[in-house]
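In the two complexes that follow, chain A is the common piece, with chain B as its partner first and chain C second.
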Partner chain A sequence: MATSRRGINLLGLARWLFLAFLLAFTALPMVWMFSTSIKTEFAAIQQPPVWIPAEPTFDQYTTLLSPANPTGRQFLGYLKNSVWVSTATTILGVLIAVPAAYAFSRFSFPGREPLFFSVLVRNMFPVVVFLIPLFILMKFFGLVDTHLSLILTYLTFGLPLSIWLLKGFYDNIPPELERAARIDGATRFQAFWKIILPLSTPGLVATAIYAFIQGWNEYVYARTFINSQNLMTMPVGLEKFFTEYASNWPGLMAASFIMSVPVVVLFLVLQRHFVRALTEGAVKH
Partner chain B sequence: MAIAEAPALAGRREPVAIPARETLGHRITRHWADYLYVLPALLVMLIVIGYPLIYTVWLSFHATPPRTGEWVFNGTQNYQDILSGPRFWRVTMNTIYWTVGSTLFAFILGLGAALALHNPFRGRGVVRALLLIPWVVSAVAAAYVWRWILHSDYGLVTGMLKSWGVIDRPLILLDSKSYVMPTLIAVNVWKEFPFVMVMLTAGLQTVPEGLLRAARIDGASTWNQFWHVTVPHLRGVILITTLLLFVINLNSFTLVWLMTGGGPANASQLWITEIYNIAFRSLQFGMASAFSVILFIIMLALGYFYVKALTANAPRREG
Partner chain C sequence: MAGVILREVTKTYGDVVAVDRVSLEVDDGEFVALVGPSGCGKTTTLNLIAGLIDITAGEILLGDRAINDLDPKDRDLAMVFQNYALYPNKTVFENLAFPLRMRKVAKSVLDAQVKRTANVLSIEHLLDRHPRQLSGGQQQRVALGRALVRSPQAFLMDEPLSNLDAKLRVQMRAELKRFHQELNATVIYVTHDQLEAVTMADRIAVMHLGVLQQYATPDEIYNRPLNTFVAGFIGSPAMNLLRGQVTTQDSQVAVAGDGGWLMPLEDAPGRRALSSSTGQVIAGVRHGHIRMSLEPQAGWMEGRVYTVEPTGDLTYIHLKLGNHLLVASNHADFRAAPDAPIWIMFDQDHLHLFDAETEQLLEDAGMPLRVSARREAAAV
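Showing the complex of A and B:
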C-alpha cells in the first residue's frame, strides 16, 4: 500500500512538472513576442534580455493601427483583406459543407463511399502539387492577383475536414427525429432546418472556426497568387514588413501580435466546441 | 451510434423493397436528387483538385523553358534529371529527418499532454486552452518570433544562456549546418503538438471508464491499464493522427521557408522548399511538376493507408 501511494505521488509530481514545462514551452514565445513589441528598438537588442521593459511603449501599435501614416495604412489594408478573405471562405465553406455532409450521412446513393473518401483524401495532397497548376489555371481565368483566387483555393482546404466533422454529427442524430417531423407534415428541408441544424450547431461552429483560421493564416498561396500590395493578406504583409524593416524587431513583433490576437481569442472562446466536435464527429466515428 | 444506426438502416431498406436486379443506372436515377447535395462540394474539389492533378502529371513530361514559353514533350527527362541531380539525396535525407523527427516528437509531447490533462483538476480548461495557442498562431508569426528568440546576437536564448554563464559566445543555431535541422524540428513540434493533444484528448474520452475501473479493481498497475486498456481503444485515433501528422510535415513549407529558406548551404532544404524554388525561382514548371508527381505518389501510398485506417476504424465501433 505504502509503495503504491508513493508511486502515485511520484507520478503526480512528474505530471505537474511535465505540465509546467509544456506551459512554459508554449506560452513563453508568445510572452516574448508581446514583451518585445512594447520595447523601443534600442531596448529590444539589450543584453541580458529583460522580460518586463523598464519603459514600455505602445508606439509600434499606434503606428501600425493608425491610418495617418503610410505604414499604418498599409497594415490596416492587409488586415482588411485578411478579414474579407477569411470571412468569405468561412461562409461559402459552411454553405457547401452542410448539404454535402448531410447527404453523405443520410442518403445511400450509388458511389457514396468512394465520393466521401475522395473528398477526405484531399488532406493527403501536398500543397505544392496544386500550387503550380492552380497558378496556371488562375492565370488562364485572369484570377491571378484577385481575392477570388484565394477564396476558391482556401475552400478546398477546409471542406474535407468540415464535411468529415459534420457527417459525424449527423450520424449521431437519430433519423427518427426527422421522420417524426416529416410525419407531422414538415418538408425534408423544414425537418433539416428546424431539427438537424440546431442540433449540429457545435459542429457548425467548429468547422467555421477551422475554415476562418485556415484562411487567416495561409501563406503559400497568398504569396504566390497576389502581387499587388493593396490586395495582400496579413501573412504576406508580415513577410513584406520583415524584409523592409529587418532590424525593427519590436515593430515586427507588434505586427505578429496583432495578427495572432483575433484567431487566438476566437479559438480560445470557442475551442470547447472544437474539441467536442472532434470527439463527436471525427474520433467516435 | 449503434442504436441509432441499426433501425435507421432497417427502416430505410425494407419499405422500398429494391428489386433484386436493379441496374446501376436505375439506382442513380432514383437517387438523382441526392447528388444535388454533394454537387457543390464535388465541383469545387474537381476544379481545384482534379484538374490540377492531371495537369501536373501532363506538365511533368514536358520541358518548359521559361524564356520561350513553348512547352515541348520530353518524356521522362525531368524525372531522370531530378533523380540524378546532385542535391536530390541530400534533400531527401533532410525531408525524412524532418518528417520522422517532427512526427515522432510532436506525437510524444501531444500524447503526454493529453494524458496529463485527462484527469480533471482546477484550471484544467485554462491549461488546455493555453497549450493550444501555438497551433492557432500563424506559421508566419511563429517563424518570426522564433527567429527573434534564436537570434545569435540579440536573441532570448543566447542572452539567457550567457547571463547564466552556460555559454560565453553567441549560440548559432539557425545558421549552423549541424544544428539547423534539430532547431527547426523543435519549433515545428512547438507548433503542432497541440494538434496531437486535441485528437488524443478526444480519443481518450471514448475509452470506457468502466473498463478502466474494472482493470483497477483487478489490480492492474497504471501502466498496465494504459497499455492494455487505453492504447488498444485508441489504436484507430493514434493511427489517423500519426498519418495526418506525417503528411502535414511532409507538406509543411512556411516555417522552414521563412526561418532558413532551406539554408545554410541547403542544410535544411526539403522537398517542398526545393520544389517551390524550382517552380517559382527558376520558373521550371515541368521539372517542379515532375518532382511534385514523385511526392504525390508517396502521398497516394500514405493516403491508401489513411483510408484503410478510417474504414477499419468505423465498423469496429459499430458493434
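Showing the complex of A and C:
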C-alpha cells in the first residue's frame, strides 16, 4: 500500500515537473517580451540582463497607441489592416467550411472521397512552394498589393484543416437528429440551422480561431504580395518598425506584445470550446 | 389517425435491392410490427414511409392521399428513433415543443399541449432538464412525448426499446402497448426482436432480404409460418427444422432423415409430404410439440440427450436425432443424463412441412390420398 502510494506520488510529481517545464517553455518568452517592452532603451541592452527593470516605463505603449504621432499612426494602421484581413478570412472561412464539411459528412455524391482527399492534399506541401505560383496568379488577376490577395491565400491554406475539423464534428452528431427534426416539421435547412449548427458551436469556434490566427500571424505571403506601406499587416509592419528603429528593442517588444494580446484573449475566452472541439470532434471516431 | 398502405414499394441502391415490391395495408388504429434480421429492409421500409429516403417505385398512401412525393415535414407522421434522437441542447420542454414551434402553433396552445403530453407520460417534473440529465427510460418517454405532442396521423417507431436494459424493456413494452390501446393509434413498429413483435402487434410483417415473407396476426405467424424463414425466425427457441426424404411403405408415408431416423406420418401430414415436388421435405416442429420418453416406445424415434437446461418454469432438452440437433421442452423437473438414449415423437397436429427446394409451406389441398394410386403404379 505504502509503495503504491509513493508510486502514485512520484508519478504525480513527474507530471507536475513536466507541466512546469512546458509552462516555462511557452511562458518565459512572453514574460521576457513584456519585461523588455517596459524597459528603457538603455536598460534593454544592459549586461547582465534583468527580469524586472529598475525603472519600468510604459512610454513605448503610449507612443504606439497614440494616433497623434507618426509611429503610432503607422502602427495603428498595421493593426487595423491585420484585424480586417484576419476577420474577413475568419468570416469567409467559416461560411465556406461549414457547408463544405456538412456536405462531406452527410451527403454521398460521386467523387466525394477523392474530393475530400484532395482538400487535404494541400497540407502535404510546405507553404513556400505555393509562393511564386500564387504570386503569378494574383498578378494575373490584378490582385497584387490588395488585401483580397491575402484573404484568398489564407482561405486556401486554412480551409482544408477547417473543413476536416468540422467534418469530424458533424460525423459525431447522429443523423437521426436531423431526421427527427425533418419529421417534426423542419425543412432540411431548418433542421441544419436550428438543430445541427448550435450543436457544432465548439467546432465553429475552433475553426474561427484557427482561421483568425492563420491570418493574424502570417508573414511570408504578406511580405510578398503587399508593397504599399498603408496596406501592410502587423507581422510585416513589425519588420519595418525594426529596421527603422534598429536599436529600439523595447518598441519592438511592445508592438509584439500588443500583437499577441488578441490571440491570447481569444484563447482564454474560448479555450473550453477549442479543447472540446479538438478532443470531441476530430479525434473521437 | 389514418391507415397506411404500401403498394409494391421498392427501393434500390444501384444493383442492390433493399426493399423489393413490398405491399402492406395497415388499418387505422392498428399496431403493425415490421420484423426481421438486420439488413432485411425493415428500417429502410420505415424510412421510406417517413420520407427520409425516396422510393424507387411503388406508392405509399396515408389515409387516402399518396404521400410518397411529399417532404417528411408534410406527411404528418411522427417517429421515435432507436437512439431517441432528442435534441441535446434543448430542454425537455423545448424538445416536446419543437414539432409545435415548427408548425407555428400559438404560444398558449403550445404550452397547454406540452403540459398535457408531459402529464400523460409522467415527465412534468423533468421539463426543465436537458436530455443528458435523464435516465434511459426517461429519455424514452420524452422521445415518445415528442411524437405524441401534435397528434399525428400515424406513429413510426424504429427499435424504440432496444437501448433499454432488459427489465425496463419489459415495462416499456407494456406501456407502449397500453398507449396504443388508449389512443387507438396507428403504429408501425420496427424491431429485430420477434418477442416484441409477437407480444405487442396486431399484425406482424416478417421481412427477409428486402422481401415481405408473411403478413399476418401473431397467432397465425406462430402457428402457420408460410416458409422456413418465418418458421425459424419467429419463436424462441427457434423451430426445429429437419430435412428428410419422403418414403412410402405399405401405404404408410414417412420422412427419413440423415442418421437413419424414420418418422411415420399420419394421414393429413402424409398427404402434404407427398405434394412436395422433389420428394424432399423440411419438417418443422416447435420445442413444445415434441413428446419424449426415456423408455423405448413403438414407432418413436431414438435420439440421444445432448444437454439439459433447466430454466425454472421449463426444462429445455437439447438432443441429437441423427445428424440434427433439436431443442425440446418438458416440465420443470424433467431430468436426463447427457448421452442417455431418449425416444421422441413429433406432435403431428403441430408438424409443419415445407418443400425442401422452395422452402414454402406444403398445404393440405384437400385432395385424396395419392399413396394407393402410386402403389398401384409401382405394382404394374
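In this text, the second predicted complex is superposed on the first by the 275 of 285 C-alpha atoms of A that agree within 3 Å, B and C clash if a C-alpha of one lies under 4 Å from a C-alpha of the other, contacts with A are read in each partner's own complex, and residues count from 1 in each chain.
Here is the rule we go by: a residue touches a chain if its C-beta (ideal position, glycine included) is under 8 Å from a C-beta of that chain, and two chains touch if they have at least 3 such contacts.
These figures come from a predicted structure and were not determined experimentally.
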Practice task
Classify the contacts of A:Ile96 with the two partner chains as first (chain B alone), second (chain C alone), both, or neither.
Solution key: first
Exercise for the section: Examine A:Pro198 and indicate which partner it touches, taking first as chain B and second as chain C; both and neither are also allowed. Expected result: second
Exercise for the section: Determine, under the contact definition given at the top, whether A:Pro174 touches first (chain B), second (chain C), both, or neither. Expected result: both
Practice task
Give one of first, second, both or neither to describe whether A:Gly185 is in contact with chain B, with chain C, with both, or with none.
Solution key: second
Practice task
Spot which of chain B and chain C makes contact with more residues of chain A, would you?
Solution key: B
Practice task
Tell me which partner A:Lys240 touches in the superposition: chain B (first), chain C (second), both or neither.
Solution key: neither
Practice task
Enumerate the residues of chain A that count as touching chain B in its complex and touching chain C in the other.
Solution key: 174, 176, 179
Exercise for the section: Over in the complex, which chain A residues touch chain C? Could you list them? Expected result: 174, 176-177, 179-187, 190, 195, 198-199
Problem - Residues of chain C touching chain A in the complex - result: 47, 50-52, 71-73, 75, 77-79, 81-83, 85, 87-89, 98-99, 102-103, 146, 156
Handout entry: Parts of chain B lying in touch with chain A, wherever the complex brings them together
Key = 1, 4-5, 7-8, 11-12, 24, 27-28, 31, 34-38, 40-42, 44-45, 47-49, 51-53, 55-56, 59, 109, 112-113, 116-117, 125, 127-134, 136-142, 144-146, 148-149, 153-154, 156, 158-160, 162-163, 190, 194, 198-199, 201-203, 205-206, 222, 237, 244, 247, 250-251, 253-254, 258, 272, 275-276, 279-280, 285, 288-289, 292-293, 295-296, 299-300, 302-303, 306-307, 310-311, 313-314, 317
Fill in the blank from the handout: In the complex, the residues of chain A that touch chain B are 7-8, 11, 15, 18-19, 22-23, 25-27, 29-30, 32-33, 36, 44-45, 47-49, 95-97, 99-100, 102-104, 107-111, 115, 117-134, 136-137, 152-153, 155-156, 159, 163, 171-176, 179, 213, 216-217, 219-220, 224, 234-235, 238-239, 242, 249, 252-253, 256-257, 259-260, 263-264, 267-268, 271-272, 274-275, 278-279, 282-285
